[in-house]
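Shown below is the structure under consideration.
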Amino acid sequence: GSGAPAASSAASEPSAAVSQSVGADQNGVPAAITAAGGTEKLTTPVPQGVAAEYGPICKGSDLGIGKIDFKTDTIGWAQSEKEANPFRIASTKSQVDAAKAKGWKLLTTNAQSNVQQENSDIKGMIDKGAKAIIFSPINSTGLGDAISYAKEKKVAMIPVDRNITGVQGCETVGPQLGSDFVEQGRRAADAMIKATGGNAKLAILLGASGVNVTDDRTAGFLDQLKAKNATGIEVVFQQTADFTREKGKSVTETLLRAHPDVNAIYAENDEMGLGALAALDDAGKAGTDNVHIVSIDGTKGAVQAIVEGNFDAVIESNPAYGDSAQAALEAYVNGDGAPAVTITTDNQYDSSNAQQALDSGAAY
Amino acid sequence: MTATAVEAPTLAVRALSKTFGGVRALDDVSIDLRPGSVHALVGENGAGKSTLIKVMTGVYPIDSGEVLYQGQATTFASPRAAQQAGIATIYQEVHLAPQLSVARNFFLGRELKRRGSLDLRRMNTEAAEGLERFGIAVDVRRPLGELGLGIQQMVAIARAVSTQARVVIMDEPTSSLEPREVERLLSVVGLLKESGVCVVYVSHKLDEVFSACDTITVLRDGKLVWTGPTAETNRRQLISRMLGRDAAELDEGRLTRLAGRPPVADAEPVLRAEHLSRRLVLDDVSLVVRPGEVVGLAGLLGSGRSETAKTIFGALPLDSGDISIDGRPLRRQSPASRIRSKIAFLPEDRKAEGIIPELSIRDNIGLAALPQLTRLGFVNRSKLDAIVKVFFDRLRIRAYGPSQKVSELSGGNQQKVLLARLLCLNPRVLLLDEPTRGIDVGAKAEVQGLIAELAEKGLAVVLISSELEEVVEGSDSVVVLRDGAQLGSLFGDDITEDAIMDMIADAADSEVAEATLEGQPAAEPEASR
Amino acid sequence: MSAATTAAVTPEPGRSPEQPPSAWKARLGLTNGWAEWLRARGVYLALIVLVAYNALFTFNFLTLATIQLLFAQLPPVIIVSLGMALVIGTGGVDLSVGAIMAIASAVLARFVLAPGDGGLGASIGVAMLFAVVAGVLVGAFNGTVVAVARVQPIVATLGMLVAGRGIALVITGGALIELFVPFFKTVRLGKLLGVPYVMWVAAILAVAAAILVRRSAFGYRLLAIGGNRRASVLAGLPVQRTLITVYAISGGLAAVAGVIATARLRASDPSFTGLLIELTAITAVVVGGGALAGGQVRILGTVVGAVFIQLLETTLVSHNVPDSGARIVEALIIIAAIYVQRSRSTS
Amino acid sequence: MTVDRDEVRAAADGSGVAAVAPDRGGRAADLLRTRNLTSIVSRNAAVVGLAVVVIVGIIVVPTFGSVDNFRNVALAASFIAIIAVGMTFVIINGGIDLSVGSTYALAVILSAMMSPYGSAVAVLVPLVVTAAVGLLQGLIIARLRLPAFIVTLAGLTGIRGLVFLITHEGNDVPQIPGFKVFEILGTGSFIGIGNPVWIAIVLFAIGWWVLNRTAFGQSVQAVGGNAQAAELMGLPVKRTTATVYVISGLCAGIAGVLTTALSGGGQEARIGDAYELQAIAAVVIGGTLLSGGVGSMVGTAAGIALLFVIQNLIVQGANLNSYVQQVVSGGFLLIVVILQATVSRRSGKAT
């Protein structure tokens, strides 16, 4: 729970951008949110660190979920992917730290990117007596089995980070807290346009294939280029680098041979961006004067790269849902309820605030 | 039905040729195989007998020439096609599916069914009956692989014979059988012949050929050198045709009788293997071998001869027993340590336990002697080549050179490669399990001669052979086994085939007697307890 | 050994009545004619075709820089494939090489990191040494499980594939660790005669492996065990020792690859270092003419196989083929490549 | 090593054919009895292991023994269990199928894609396609005699590529529009146990029957033991080999359809990643030899159960972070296979 408050201080501009683009969207609601069943935007003033809230206010009692005594009952945290990259590490750490601070009993599992495993992890924790599950869904649709089991067992379900598709309002799961990946892509496009002045030969390092984060970040980025009519930015290359630094490096090396004229790279996560930077460095092309880099996540390494003049901008994808999710849970089961969908504020770093983010610890 | 020479051939080949790489394995061969007759194919190792069979039955494609089946030019696309057309073949050294039960093997490919499901009950009964015909009474539900090689061979034969085929081809069916089984097999061959089946019979054992076959074809270097009725030839002529040498020349080189050397009883034993026991396999077997002595192991299939040799060699763990060389006890039970103690072992199952098929003849021979040929971890190739050359020439291995792959050799030549592997170890004790299995008359004489020669040089030899004659003629003393237990020993002139068979038969009788005597009372107290 | 004595003892007897194939033909593997020869070496042909395609259709391909880049990317794959070739030669397989790369990388990181950052502050030389030792030990463990406990290699090393990466993550504490080691720059960019140092390392290891297989007693044993393990036991070969050594070598080579990969990335990334490299290496061995059943090792074929696969992937990336298409094309080309070189022993 | 259970039982009863050579007396009978006993233990090492782990689990981890938990473990295991049925055939036949994870994903995606056209289409199209994919690989392996490992490795890559292709690089996550009847296959249950579990049980029974009670099953085993010998014995080696890959593809397809039916929604295109390794591990833990010829369906069932019970115990019993979990499950796998190998060697044929 350290990231969110710190981030919010620098959040006014980007959060405005969120509202703006939400307003600009066809239905007025981003795809991920529609999918999550949030239909109407709440007009109540949003708290710090929250970009927008949607849908009705959910209360656990609507699903017959009883009150939880957090001193004695346990709750569960189901992580979707290995705690291998900084995002996942921070994400789990945030849940664990928040629970520890409150003195809650938290079980944790990790599904290692396997959706069946996440289903059975969640059900396993329920069998073990967890009264509520906070979980990071592997994808937006594959957890129907675990969700219906939880419903049957009257266990509260709080999805974080990704939203669950195909549920309406609060009928199936409790309040959802998430980032808007499409929006992250759009903001990356904005940053890229700003960095390149609207003229560039651009390469995209895609995330792992078949993952909706990849799709959203690509779609948001390309849509925004179109929306902003940035015809000067020519996308000459799109290859997956699997969200890893190693692939980011080797794909960029090949890219530099096949397309020596590329002068901008959009990396869909920081790791790939840093891999690209390593390749550029070996080729003597590091630095934003040579090749512009914009990436998404907001890890320390990438923010440091801004400070060193190698990255132009980093769009944050805030993993720290510990405090907010646990607060939402408490409100959902014991209090007055929480909004069906909460989109958190994602920060954005460039040369103006990178050093500050490092100093304050906002970059994770 | 009676066989008459005028009957049309069931199966015939015309001008058949087959080349492997540079080697001409079959060269313009034409043969007629008639119904109701038994046709022998003989020839040296590597003469092309197996190749002929494989080309006829669709294993190898035909290079040139044709195969006529029931008067029609036929090309079998696969062994399956040949089998379905009514040609049952027992290929040389082909193991069935060792993990399946005997009965399932017996019916493999033509399973009996009841309501869509295998009729195991009937398969078991009928397989047991089918094997009875050959005097094999085993539990047909046991996995085949648990049985000795000889039994496996019998199952393969019984399986082929029971398919009601028009043609039955047997490639060295008796190589792992001992006399009693051979006799049974030959009587079945007789039955097949009477019922009009065309039988092709390949063997290196000329006695079998003369007693069972009507027609003989001799192959040499892939060419047909002679074919004719059995009555028109004799043993010596046949051998001279096979080897391509004069009959007179043959007489000089002939060496079959090995025994009759000066007694060696007074020398200190080299090998002492005493009270060898292994649960359910060996029961207190003892052997003592002196330098220059050949000790034969005799017994029926599965009597534990191979196991005795393997335990001495450390390849099969012992429950109890003492083995010593020159009075020094051997403790570590591993082949490697036995080889260091100068014991060498020739396994009976050359394919599974002997050759390394993908390696060259040179490497196969040098394998066991590597420690002596290695300096600083590197193999001294010139030394290796020199040693290999010695044995390659001495054993007359038939190949285009030591660099040929062993898998490309005929069975007999593979056997010689294995012998060479043992001999270059300079052993003091030789354990030979079926050393002449599947090798031709010429080579057999050579191998037998070699054994005698080695014994004369002071090696201690343990000889296992399913050919009783070989044991009788070659051994200075014989230990007779049955069911893993030692029945007794025979020495010198007492060693005769009859003596051995009598010993085994007596034991069988007394065992039956014991069982009937002890069986009843033994059960009583148990029940009352 | 002197050439004279070798020549003196190897004349072919030529006793066969047929004209035996000449010795040089046998030595070149030409006994079955040119068509077979080519077929058995289909991987060279496949590589030539791929290079020709690139020369014609890939922008900027035939340049020194491109070749140097390829040489910089290749060594980890080649080195891992060498070990894999030896293991496959014994009839086994080593799925844990990627995990061992990760372990080596993690050990390296723990050693070079300053004590303040939770490391030991060792010099890079010491760290690399221990990284390789760690790989050898893990390999030896695999070998022991295979040889002594007689677990089937694929499962034994599958267990290590799962556990090994976990161990690497435990060593680094889960995260990627950036390493600022000046020596890594030499590893990445240093060249001798225009060829990157790392490629020299790979080449030397390949030559060493070839000598090991063809000349040493160990090589003989390895092939014998792969050809017929039971017969090798009965021939008195030290089967267990040989197998353990082979897996240890494979582990050691994987560790060397792990060190190189770490230097390339300037970071230890235990989650992804060497991920799935085992499949690439197995493919390289098989495309290079090795048989999974064991009994033969083709070092040159393996190296060429590794080059082929790496170049194939690079080609697909250079041409910006979408992931879906790239996977399909890669699958088809690999099947085509092994079809071309299909070993004649199968017929 | 594959004497059937009932055959063994019959032998123990003394029913059936005269068991022992009359002239070999009691020794052979002894021998038969002991071999059967030890081979029962060795062949069922996985079953024994499973029993031990379950009993220890129930005692040590209180929540592990609940009915709900067992029900959930069974449901979670059922998908890979179904894949493992096909894998058992392939491995006994002497091959391996690395493509099942991708084939499974293909079925998952196709089933959701086809669901707008009705339940029958959503079930049948994926099955036909996955059977065809299996057939294609089987034919390449059997006819062109290319190594199964590489062919199915290419299958793993290529089929995943196909999945990405039909989902536009994974951008599409096809959904089931509304409720479709076939979802019952996944979500329904009978006497409290989920339908996928029942389907898995039925497939195991059929698999056992085919393997041990049909001529095809005999061929599969004989070809796996020694393909060359099987060829010479006149068995349809190529047809058998191609067929096992069809079975494997089909099983992966069934598992995929059930997954879609259970989730009621679409899945991402990367689903099923590394499932092949789990299936192979289960088969091998079950005592099936990768060298072919020897194996059992019961063993595979126990192997799958063991894998999932261990995984569940890790969740239920300890609160480990993800990489320690990995070390524990890899270590467990190693321990199980080492024990398995040791037990079967002790009691099986001594080498």
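Odds and ends about this structure:
Letters are used for the chains, namely A, B, C and D, taken in the order the chains are written, and counting of residues starts over at 1 for each.
To be clear about the criterion, a contact is a pair of C-beta atoms (placed from the backbone, for glycine too) under 8 Å apart; a residue touches a chain by one contact, two chains touch by 3 or more.
Predicted, not measured: the structure shown is a model, and the values here were computed from it.
Averaged C-alpha coordinates give centres for chain A and chain C that are 39 Å from one another.
Chain D has its Cα centroid 31 Å from the Cα centroid of chain C. With each centre defined as the average position of its C-alpha atoms, the distance from chain A to chain D rounds to 37 Å.
Within chain A, residues 82-84, 209 each touch two or more of the remaining chains. Listed for chain D are residues 163-164, 169, 321-323, 325-326, each touching two or more other chains.
Contact topology of the protein chains: irregular, matching none of line, ring, star or complete. Contact between chains, using the touch rule, shows up for A-C, A-D, B-C, B-D, C-D. Here chain D touches chain B in the complex through residues 1-4, 7-8, 10-11, 16-28, 30-32, 34-35, 209, 212-215, 218-219, 221-222, 225-226, 229-236, 293-294, 349-350, going by the rule given at the top.
Those residues of chain B that touch chain C in the shared complex are 21-24, 221, 313, 315, 335-336, 338-340, 345, 347, 352-359, 363, 366-368, 370-371, 373-374, 377-382, 385-386, 389, 392-393, 396, 398-404, 421. Within the complex formed with chain C, the residues of chain A that make contact are 82-86, 89, 206, 209, 236-240, 242, 244-247, 249-251, 253-255, 257-260, 271, 275, 278, 282, 301.
The residues of chain B lying in touch with chain D in their complex are 59, 78-80, 82-84, 89, 91, 94-101, 104, 108-109, 111, 113, 116-118, 120-121, 124-125, 128, 137-143, 145-146, 280, 316-317, 483-484, 508, 511-512, 515.
Residues 140, 144-147, 149-151, 153-155, 157-165, 169, 277, 280-281, 284-285, 289-291, 321-331, 333-334, 337-338, 340-342, 345, 351 of chain D are the ones that touch chain C when the two sit in their complex.
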